[in-house]
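Listed next: structures, encoded as structure tokens.
Each of the next two complexes has chain A plus one more chain, namely chain B in the first and chain C in the second.
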Partner chain A sequence: MRSSQIVSFLKRSASYLVVGFWSIFSVFFVLWIILASLKKTRDLFGSPWSLPDNPVFGNYVKTWISNRFGDYFLNSFIVVNVSVVSILLVSVPAAYVLSRGNFRGQRALSNFIASGMGVPFPLLFVPLFVIMATLRLIDTLTGLTIVYVALSIPFTIYVLEGFFSSLPSELESAAIMDGCTDFEVFRWVMLPLAAPGIATVAILNFIGLWNEYQLSLVLINSPEKRTLSLGIYSLITSMQYSGGDWAGLFAGVTIVMVPTIALFIALSEKMISGITMGGVK
Partner chain B sequence: MPQKSSRSRLAALAVCAGAVVGANQVHASELVFWSVWNEPEPQAVALRKIMSAYSQKHPETSFKVVWNGRQNQTKLRGALQAGIPVDLMDADADQLAGGLQMDGLGYDLTGELTGETKSAFLPGVLDLYAVKGHYIQFPYIYNTVNFWYNKDLLKKVGGSVPATFDELLSLCRTTRKAGKDALVIEGNVGFYNVLYFSNYLERLKGSGAVVKAFEDKSGAGWSDPAVLAAAKASRAVWDAGCIAADAPGFQYPAGQQTIAQGDTLGELVASWLPTELSESTGKDFSWGAFNFPAVADGKGKATDLEVGLLSFMVLKNSAHPKEAASFLNDVIGEDSQKILVAEGGVGVPRRGVAWPAALADGQTAAANATALSPFGGGLTTAYPEFTSNVLHPEFNKMFLGKTTPEEFVSTLVAKTKEYWDSHK
Partner chain C sequence: MRRRMIVAFLAPAVGLYTVFLVAPAIQAFYLSLFQTSGFGDQTVWLGLGNYVKLWSDTVFWRSLYNMAIIMFVGGVFIFGLAFVFTMLLNSGMWGKKLFRALIFMPNIIAVVAITTFWSFVFMPRYGLLTSFLKELGLASLATTAWTAPQNVFFSMLVGLVWISTGFFTILILAGADKIPTDMFEAARLEGASNLQIFTQITIPMMWDVIIITLVLWATQAIKMVEFPYAFGGPNIDQNLYTPGIYLYIMGFGQREPVYALGYATAIGVVLFVLTVLAIVAIRILLRRDRVEF
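Entry: the complex of A and B
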């Protein structure tokens, strides 16, 4: 074996070791949380590393019904899905125009939109609250959805611009020569080619918004309009003063994790191909 | 004629009925109440019952409740800015005193509380957060700060309730010999740990000593030898082996769970501990509590008490302040307080209403209290910024052995002077 092969082997082994260790670490804690959600609180602290003797599925029932996680799940599901669809409806055409169009101020406009990613959310709390209150959209899921869409657009356009730029321009030219209008080129040629990229931003936005906490805390007041992340937080804080149902809390955490993990399992290949595709310009 | 007569009688009846209705006519009011509880919590269940009973007695008053949970005060600030009408809210009394009350957003209840209401409270409770004799907040749940412990375990290790601080250290040694730990802490909860310091200082110098030390604007208040003694005594519980060596690593609620597991005797905390641990201990757990013991040559009494109350506050811009105050007069009534005990499982501020069995020692401490101060000696209430930025973190460092008591005291002196220099 040549020395370069040995070096390459060692490098690859080191990478596998790091990734393998990280994977085991992550999977271990996800499993631990799921097992913890099936224990009694006393057993959870008394024997944290053991398997549950008699799985307590009642923790899920209690969390879903008594702690209203069923309602919170539905709220999150509606807000996040409507947001993601709206984000894509706005961002995909915008990113296409910004990456392939040729007009004055194109770069400046692109940079201006991208600069939106640099604004820390906490700086926006007060102006957002005042604007939404003025529009009578405070404490509404519609208001929260609008804010989610507005704040997610810069990131989405920025990423999609990369995808569209990586697509070969020859296909566009061929379509135009065949008589396609600009919109038809976008709709029938470029959009299908950008599908992996669109799936990637859809997943990233879904996960980001599914776990979003700060904005919903500021904009939502009524308990019946809480999203899952607010529900988890209220469950954690209610441990003080009330009977600490820690096992129920882990049941809640599991409920929050399920959709994102399911989404990863279903769409991870598309997402990886989308990321690698967008990375090559 | 008979027809005419009956008509006039009917007319007369109608006039009379109208007059009666007119005399009793009241405007229906809906009280908007934002609560610190989450809807499924037992305290919320109790409050719902109390409100329902009140509405039955006063049909003109109904309630619209928003169960915000512990972020109630923060959310309320946003709502007030947005012009959302709220009549009544509740919160942790300390946080309320340092928050909405301090900002002048509370309605003055002084003229609205009946004599019966004022005399119903256990000693000192209503006055604790009064400002120059004016009542802004209205306590309705009572938590006492004591050592909460497992009575059965105390018996098993052959110990007895300590009357003095030296006896407490001796109990630690006895417990350790029996293979158990006497006390536990949560390494990441500075406002629990500081109770050792505030209670010891108050035993030495009397109730209110912590705030008094801070209010010397030169910082010299902390140079009193009693402050160093209190800091050293806090460390002494470690030196005497009261607390397990691995306890600094406990993150809430890992520490208190060791009591439920039978590994530790007790913890210096408030009377919410039995409720917080109820899922782990079960209902038959034998809870006891004793006050922070007396210290040698101390001015403070062993019956002086730190407390953690929960209070209502009527908002200053409430559309129905009198109706809200009337409801509060009812909350302290015997029936309402009994509902809080039975459904909410909490201690209450009304005299003569028995607390839940697990909290019986807390009730005794409350009934016998000779002086009250807020949780942690009252600095959180009066000066929340200094407490959370300086006192709690600096004390925790010292308590967990990262700095010395002398360094802790000199930091307090310097930071207090800095604080007052920047708040002239």
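Entry: the complex of A and C
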């Protein structure tokens, strides 16, 4: 009996060790970057593991102003927020009709939209570049926003359809009995019920687009229109010539990751359940 | 629901989706048949010429090989680790939600942020890994050039496996959590071992989830651009090329754009075909009768 207890104790300890190590590495990753951004580059190279003796915020000033991360932050903030609002404005009604409506070709249309999730984005690089050039929207934040909205529609509608179809139909019928029009049922009954689901896809889209950079790499060229991810990438490129200002780079990395980490700390359960619902229905 | 409302509710989404996703995807097939720089100058009809050229392009084959390594070698590690974490987290551990959130966390951080960190880890001479190995007294390992052409791909793969493991762990864990717990209790009462429970109950009961996650991973691996591209930095090493990166470089280049837009798009079409083939292959190879419960 006792030896089996020891074995189970060892097993449990090993579990905590493995899972704990992996989890702590995530924390280490974030903390190390933040600490690195508070060091001088010389100290960062000399003693990468130590705490900064006297934290310097100069890296942030330099990155925010001379490296124009202030502008990039604003660009990212505007593009991502306008995109997320637009995504919701077009996707919520469409998902509602696709899951609660009753018309011919409903299923086919639903599948047609979901199939967009299977399109590898690199396939679209050149055609989108050509289309945006024709529309004179290449190298504009408007063009980037339009592409973000269009390419987010399949996933958003797919997840929202799941939320809408899980809502009870009794309230819907009751509202119709009370003389509500179709639109009133949507606006005053179903929309409030779906609010948690809508919030979830809004957050997931916010994070996805905040971190996105392959499409912006293709569509944006002017330095003043860079998003944060492009800003970091261009900082890395320029470091080839100007020598490695790694501490400044990590200040930029901190600026790009703080908003999503803050959201994650507040809403991790919601986000994880949203993703697993979308992936594993 | 009235017809007018159905049309009004669907039109904006379907319109945007059709114009900026479906149409470009179809246009890609057409563009891939030309030699063009996209600026209206000589556009030369090549027929399947771009594909013939791709067939004998060693860089393209190299990128396909890298893609395959990411998919299979990376996949074995990612799914292996995801299953291990699922088993451990479901063995009655305290703090399951906290650990799950921390394991998943890298996925909400910008790819460029993650690759910048990993570049510093693998940096020659001053990198975190080198200084860590020095601390441990492993001087010979510490001098390994992790970003040298022969090693850079696997250094990249370490970081990629790290994030992807978090992503697939939450999916597989969610699949395992859907299995009714009384099945496990019954099996335990019958004296089944952990391994038996895993192979006889967990795996068959979550077969659907396994197929979905494998499809997700295969399609992600095929269209992979961001992680290896950002890890490679400017003048990215060809050892890091995936087909998507090669597409970008042929189309828009690094410092000196190539603008071989037709050729680049042909690569995109190959990616699309590979995606479809992968989905069909996984569904056929792993088809099983659904376990009802």
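The rule we apply is simple: the second predicted complex is superposed on the first by the 241 of 281 C-alpha atoms of A that agree within 3 Å, B and C clash if a C-alpha of one lies under 4 Å from a C-alpha of the other, contacts with A are read in each partner's own complex, and residues count from 1 in each chain.
Just so it is clear, a contact is a pair of C-beta atoms (placed from the backbone, for glycine too) under 8 Å apart; a residue touches a chain by one contact, two chains touch by 3 or more.
Since this is a predicted model, take the numbers as computed values, not measurements.
Because the two structures share chain A, they can be overlaid on it, and in that overlay chain B clashes with chain C.
When both complexes are overlaid on chain A, the residue A:D53 reaches neither chain B nor chain C. By the document's definition of touching, of the two partners only chain B reaches A:T41; chain C does not.
In the superposition on chain A, A:D178 makes contact with neither chain B nor chain C.
Once the two complexes are laid over each other on the shared chain, residue contacts for A:S66 go to chain B alone; chain C is not touched. More residues of chain A lie in touch with C than with the remaining chain of the pair chain B and chain C.
Judged by the touch definition given at the top, the superposed model places A:W246 against both chain B and chain C. Overlay on chain A, chain C versus chain B, candidates 219-227, 255-263 or 273-281: the clashing stretch is 255-263. Where the contact sets of chain A with chain B and with chain C meet, they give residues 45, 129-130, 133, 217-218, 233, 237, 240, 246. By the touch rule above, chain A contacts chain C in their complex via residues 11-12, 15-16, 18-20, 22-27, 29-30, 32-33, 36, 45, 48-49, 89-91, 93-94, 96-98, 100-103, 109, 113, 116, 118-131, 133, 146-147, 149-151, 153-154, 157, 182-183, 186, 207, 210-211, 213-214, 217-218, 228-229, 232-233, 236-237, 240, 246, 249-250, 253, 256-257, 260-261, 263-264, 268-269, 271-272, 275-276, 279-280. Contacts from chain B toward chain A in the complex involve residues 37-43, 66-71, 75, 78-79, 81-84, 253-254, 257, 260-261, 272, 275-282, 346. In the complex of the two chains, the chain A residues touching chain B come out as 40-42, 45-46, 66-68, 129-130, 133, 138, 217-218, 221-223, 233-235, 237-247. The residues of chain C lying in touch with chain A in their complex are 1-3, 5-6, 8-10, 12-14, 16-17, 19-25, 27-28, 31, 38, 84-85, 88-89, 91, 93, 97-106, 108-113, 116-117, 120, 126, 128, 131-132, 135, 162, 165-166, 170-171, 173-175, 178, 209, 212-213, 216, 219, 222-223, 225-226, 229-230, 233-235, 243-244, 247-248, 251-252, 261, 264-265, 267-269, 271-272, 275-276, 279.
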